[in-house]
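See structure below.
For reference, chains read A, B, C and D in written order, and residue numbers begin at 1 within each chain.
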Amino acid sequence: MNPSEKLQELFLKFPGIGPKQAARFVYFLMREKNNYKQELAKNIEALKDSANICEKCLRVFSKNINQKESKLCEICANKMRDERSLMIVVKELDIDAIEKTKFYSGKYFVLGNLLPFLTEKPSEVINIRELVNLIHTSLQKEEKIEEIIFALPATDEGENTINYLRKTLSQIVGIEKVKISTLARGLSSGLDIEYVDKNTFKEAFEHRG
Amino acid sequence: MNPSEKLQELFLKFPGIGPKQAARFVYFLMREKNNYKQELAKNIEALKDSANICEKCLRVFSKNINQKESKLCEICANKMRDERSLMIVVKELDIDAIEKTKFYSGKYFVLGNLLPFLTEKPSEVINIRELVNLIHTSLQKEEKIEEIIFALPATDEGENTINYLRKTLSQIVGIEKVKISTLARGLSSGLDIEYVDKNTFKEAFEHRG
Amino acid sequence: MNPSEKLQELFLKFPGIGPKQAARFVYFLMREKNNYKQELAKNIEALKDSANICEKCLRVFSKNINQKESKLCEICANKMRDERSLMIVVKELDIDAIEKTKFYSGKYFVLGNLLPFLTEKPSEVINIRELVNLIHTSLQKEEKIEEIIFALPATDEGENTINYLRKTLSQIVGIEKVKISTLARGLSSGLDIEYVDKNTFKEAFEHRG
Amino acid sequence: MNPSEKLQELFLKFPGIGPKQAARFVYFLMREKNNYKQELAKNIEALKDSANICEKCLRVFSKNINQKESKLCEICANKMRDERSLMIVVKELDIDAIEKTKFYSGKYFVLGNLLPFLTEKPSEVINIRELVNLIHTSLQKEEKIEEIIFALPATDEGENTINYLRKTLSQIVGIEKVKISTLARGLSSGLDIEYVDKNTFKEAFEHRG
């Protein structure tokens, strides 16, 4: 296989990319300037050393050159972020979306997945052990966790995951010490009442204000 | 024009129907049994007498044969519905969606439209006069309105309409007497956190629980 | 059931219409002027007498008032149309699309359906008997059919139907007397070469010119 | 900027990729094994030397290691391909689609673009000079070009390009020596007659068979 055939195969592993799009990428690269290809290759290469998984929140992050030794992502290392609040998300793109809103100043934890119904060993699907450890460690510090907020998708699997986490965490951390909450359900931007479903209306009605 | 050409023209006025779909309807009718056509024509004809606009909530409704004299829709005429709660919606389909959830047992009012920004004469766009009258009348009764709930779409025009109504109604009815609320914003069913917008996150975060 | 409930049920039978759209139609009608409802009902009613199936081509058509006795559709009754050419289509909308192009001046025949693979009794699915009769009758007239053209969709079922018709008709009418042809396959308007499939390219290449 | 930020920026230049998808690619790479990243970087790097533009057909191609000196793509270098037939396409993906059908065994030429209406200097938009040169050179060889086939999209810009090329080439090469043809228009796979447009029907009808 020559480089272009090999590349087409590699691009097929990219999320959401099929054979046609992979071919399009290869032709695009072949026609692009060598400078661009050089930059692209160099930065993918650099990712090998710079990509890291944060010891605290488990999200992947890219170390800056001056942070060679860092084992914490920028948010976890940031002393200005509120240690008392921990928001549980599924993946990094969720953190990006929330950070963009600028309404949250606490910490995050990346769960990795949602929990399908009837999962026998949850700890093989989601990062529950690491979450429990993080909470235990925090409770022994001066600035303790005071609230855990679930920012999971408003789907059946999201509900299932929240139920499991609520049960597991309240047994472990004791609900008297740490408040556990979930992002409110309600009308998302753009929703017309004509299309409201039972669950969304129920929550939007109960929390009207 | 023969009946089929005339019908095609008439179907073009149906909401969301273009020329191709209108033609499809006509061919469908031409091939259907005469019984079906008879039934359809008869019931459209019957709508002339039976369709009515409810004097209280302004929604269109279809009178049953035994309700010939009724000037109120089924919900407004229903003594079991809670008079103390009034939900403001844009159109009948919104009421249908909310009724299907079975979480609301109060009354409704149909606004007719949303208020575009910079509307000079709101009373020509939305049924504001009728709403004010309805509230005034209710306040003189024994079972008074205690809460007005806005169930309007989570859009900019929806916000604009809510702002106008809050201001207008609080001047007129006095906020000490009647509570004014809006369906909560938050995560609608199916929403992934990755796609959450600023406004939705803000509300979902503030009303977490 | 009152007229509006009954109507919603009847609209559900319209092609491509689900419960939400059916409800929308009913609310639209309830709010429309009585004149419009009257016109609509009157013309649906009129369709009972005016809708007819053409004795020759089997398409449904709407008789004009001055054609009360007509058993032939406008095209079949039109002496200016070329009797020597017969185009086989599935349904009336196909005729409409072809007539709009103004490139065809012959006659049509409506097959009613396509033939799924492995159909045991084709004559129960498509109007094959009526087609054979039409051709036999024509061959005894002075202005005989000289060409039969298949204008069927470019799909597997379309191919299957064409194969069946070619075989059946050539046995019956004798290919020496009547030419049998099919609309050419090739690049449809808007098709980019990048998306061309095997069959389309083969035909477009072989008939290049 | 760290490597992940830089990469996100670089992926934004990929065809059809927006900010969200670019971020998704970066997170995907960060989580992938170093082996995969290494392979990807290596092959993008390798493309710098291996990517080449074919001297004859102008398509980009990737040289194999044992073809270091090659200035011709695989198809142009292949003696088994028929030199007498030249198919004009817009881009490499068109060649891929046609090659997959296995119905064509001649050569290709990549035009680079379509010609928008009213283009003042066509030679700055499409590779017309190179095409004319290629034809001239071929006409002096033993195995001459005998046919030029336009495989351009069935769009207005495609038509415009074909018109320009037909005029220009027939002046230059002399139509008596070289046949000029275009892929046939007609029904593409999947097209229902109900949606046929004027141009497609005209061609499908004229080339029926």
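Criterion: a residue touches a chain if its C-beta (ideal position, glycine included) is under 8 Å from a C-beta of that chain, and two chains touch if they have at least 3 such contacts.
A quick note: this is a predicted structure, and the numbers were derived from the prediction, not measured.
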item	value
Mutual neighbours - chains that touch chain B and chain C alike	none
Averaged-CA centre spacing for the pair chain D and chain B, given as whole angstrom	55
Chain A and chain D: spacing of chain centres that average the CA atoms, whole Å	41
Multi-chain contact residues (two or more partners), chain A	91, 93, 96
Chain-to-chain touches, reported pairwise for every pair that qualifies	A-B, A-D, B-C, C-D
Parts of chain D lying in touch with chain A, wherever the complex brings them together	2-7, 10, 13-16, 20-21, 23-25, 27-32, 34, 36-48, 50-51, 60-65, 91-93, 96
Residues of chain D touching chain C in the complex	89-91, 93-94, 96-98, 100-104, 149, 151-155, 181-209
